[in-house]
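Shared between the two complexes below is chain A, which has chain B as its partner in the first and chain C in the second.
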Partner chain A sequence: MAYSDKVLDHYENPRNVGSLDKNDPQVGTGMVGAPACGDVMKLMIKVNDDGIIEDAKFKTYGCGSAIASSSLVTEWLKGRTIDEAYAIKNSEIAEELALPPVKIHCSVLAEDAIKAAVADIKAKQAAKESA
Partner chain B sequence: MSNNQADYFQLFNLPEQYAIDVKLLEANFRKIQSASHPDRFVNAPASEKLASMQQATLSNEAYGTLKNPARRAKYLLERRGIDAVADTNTALPMDFLMQQMEWREQLDDAKQAKDIESLERLYLQLRAEAKAMEANLGELFDVTKDDVAATELTRKLIFIDKVCADIQQAIEYLD
Partner chain C sequence: MSASIEMPVLNNHDDGHPIYLDYSATTPVDPRVAEKMIPYITEHFGNPASRSHPYGWTAEKAVENAREEVAKLVGADPREIVWTSGATESNNLAIKGAANFYSAKGKHIITVQTEHKAVIDAVRELERQGYEATYLQPEPNGLIDLEKFKAAIRPDTVLASVMFVNNEIGVIQDITAIGNICRANNVIFHVDAAQATGKVKIDLETLPVDLMSFCAHKTYGPKGIGALYVRRKPRIRIEAQMHGGGHERGMRSGTLATHQIVGMGEAFRIAREEMDTENERIRFLRDKLLHGLQEIEEVYVNGDLEHRVPHNLNISFNYVEGESLIMAVKGIAVSSGSACTSASLEPSYVLRALGRSDELAHSSIRFSIGRFTTEEDIDYTIKLMKSKIGKLRELSPLWEMFQDGVDISKVEWAAH
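== the complex of A and B ==
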């Protein structure tokens, strides 16, 4: 199967690979997986006091499309609010990367990773406020 | 062809449950294979040739599915209308996914270092994990009949099988 140029670009030069400090109260972590293909994706976001995402890092084990999807969203996330991040749809990711139908699930994985990371940071913020 | 509706358990005269009599499965599989062998249909009409071929294909697929614990579990769930590997279901317990990441990292490191011994060690460790899960699946499917827990464990087992397959591939590549 032929990958689009954008997928190849992200696959060969993935942006923002790595980790943030998971114990940092400003860092939210999202982990998701797809048993069918064995893909695992970890997305970490650092959110400042204004609710803006300052940094995003990812680590993905999976096919080129899964890596490209997570690499792309780390670029998109920086500078957005967590609510804007939460609103990102997998269809936008799939469209940007021109993913074929059989690889749409990779973009679903990326969307779910964002939602999981946002949920994690919100839980951390709520815990801090009630403390 | 009614492959979609075909009941793999019925085909081999087995009760529809997780724990299976592997010897009986194999014996009944061989019976069907020999009864539908192309050699027996050399002079048969085309319709019978086709039917025997379909029977052979179906029994191959059914045997492969029931023999493999992860595929058998997935099939049992399918029969209950549950898709264990649905694309839309990406949630798994955090600690399991962390563990997955670690195994994947170990696999990558060992592959890069061409360290076949580490790959084999990791493989054995994962097979042991899978064995324990398979025992648990028997309990969940056949005794407590807890479909929700069985689905989650099936998803984990499929994951582990995938890592194992990738380790094997890495070992073959390095050998």
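== the complex of A and C ==
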């Protein structure tokens, strides 16, 4: 399988690997995929009071394209509002990384991870407001 | 003879050329073998079947010498050796040839789920022709339970086919015991020994085996040449699958490839003379590799370690995904339990038959060590694996969960 230079770069030098404190009320976590399918992505975002994503970290079990997709979105997420983050489409990720058709699902998974992380932080905020 | 042919470099660690650790896929031709083959391409080019002139006689003599060398390595009579194009053809000829010849006796065949595709697909073809087949599941260590084998035999069982040494996990089946069961039940016994020559002692004078497949290129001979052992006492008959000029006593027609045959003979001669010392050296390297890799957490050896050739080490690295693992080990030429096809990752059917989970089967690597592997190669490999596995696990959310004591098999994953 031939990988694009961008995929190889993210695979060799993944950005923002790691975890944030999942119990922090400002941190949203999205975990998507399944080991049996060969991909699991965990994305964590830290959102400040202005709704801006200050930090993003990921861990991914998966192929080079899955690792690259999640590494790329952590770069994109920083500095965006959660609504802007929610609007990121898998096609943008696939285009940026020049993913071949068989690897499009990796970009879909990365989009799902963003949406799951945003949903988590929104749920936390809603719980805080009603408390 | 002057060594005008030199070994290619298989272990240059710095020029981007990966270290060759895939000897179970194929071996380089030993320079001594190549040296011996060359005159039979140019000078002694005669057809071994030409009886009317010295060109033919010279070629015939070389073929018969090689036949003797092949027979000697495996304790057979030279008249029991039939040349073929390789183990795939030998397996096809043995299985279809014997099943067809003895079809009046019955139409049931026993084989094992972990056999090479050349055996499994030959049996599948017979199923299409109306035969029935039992594909035995091995135990989790890769070995066959003799009682289960016995239980699979039916009154109409005509043939059983069990490989000597498994190509993926290197386990050695108890060929003597299985053969004795076949003898007691009047079942013809075929053994695929492609991965066994030069690695385990084979003595067909005492082994209760009727048909045995060999090839040259797993034992430092050339590709494209193999042999089938066909027992004479008691005589086993097979139906030819290749028809023509009646070569090889009618069992396999086609002009003999003299240079290839000479190569196989020389490769098997060297194997006979050097296998004891070579296997000792390879066992030392394998043990070193095993101990080095076992310093990594959560590694699992696939297949029995005791009943196994030292040349093979098949290991799963838990919590690391297969395709990223393949990308990570570019510095070594190994084979992976995941065949990375364009559409999806298919885990190895051999590891699946042992009951390994998809994840563990995906994250497996087959290291196979051979004649030209050095201790330096092993040191490099251990270092490479430690650093790459460490890096991939640092990236792996599953590894993090494992470290936190989460049982991953109990997590409810959202399917996608």
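Here is the rule we go by: the second predicted complex is superposed on the first by the 127 of 131 C-alpha atoms of A that agree within 3 Å, B and C clash if a C-alpha of one lies under 4 Å from a C-alpha of the other, contacts with A are read in each partner's own complex, and residues count from 1 in each chain.
Here, a contact is a pair of C-beta atoms (placed from the backbone, for glycine too) under 8 Å apart; a residue touches a chain by one contact, two chains touch by 3 or more.
Since we're looking at a predicted model, the values are computed, not measured.
Q: Applying the touch criterion given at the start, work out whether A:Y11 contacts chain B, chain C, both or neither, answering first, second, both or neither.
A: second
Q: Touching A:I104, do we find chain B (first), chain C (second), both, or neither?
A: first
Q: Can A:G51 be said to touch chain B (first), chain C (second), both, or neither?
A: So A:G51 meets neither chain B nor chain C here.
Q: State whether chain B or chain C is in contact with more residues of chain A in the superposed arrangement.
A: C
Q: For A:K42, decide between first (touching chain B), second (touching chain C), both and neither.
A: Both partners, chain B and chain C.
Q: One more residue to check, A:A34. First (chain B), second (chain C), both or neither?
A: In the superposition, A:A34 contacts both chain B and chain C.
Q: So, A:I67: does it touch chain B (first), chain C (second), both, or neither?
A: The answer is second: A:I67 touches chain C but not chain B.
Q: Kindly list the residues of chain A that each of chain B and chain C touches, one partner per complex.
A: Correct list for chain A: 31-38, 40, 42, 59, 61, 105, 108-109, 112.
Q: Please output the residues of chain C touching chain A within their complex, sorted ascending.
A: Contact set of chain C toward chain A: 319-324, 327, 340, 342-345, 358-359, 362, 394-400, 408, 413-416.
Q: Which positions of chain A touch chain C when the two form their complex?
A: Against chain C, the touching part of chain A is residues 1, 3, 11, 14, 17, 19, 31-42, 59-64, 66-67, 102, 105, 108-109, 112.
Q: Sort out for me which residues of chain A touch chain B in the complex.
A: 31-38, 40, 42, 59, 61, 104-105, 108-109, 112-113, 116
Q: Once bound in the complex, which stretches of chain B touch chain A?
A: Spelled out, the residues of chain B in touch with chain A are 84-85, 87-88, 90-92, 94, 97-98, 100-101, 104, 108, 155-156, 158-159, 162-163, 166.
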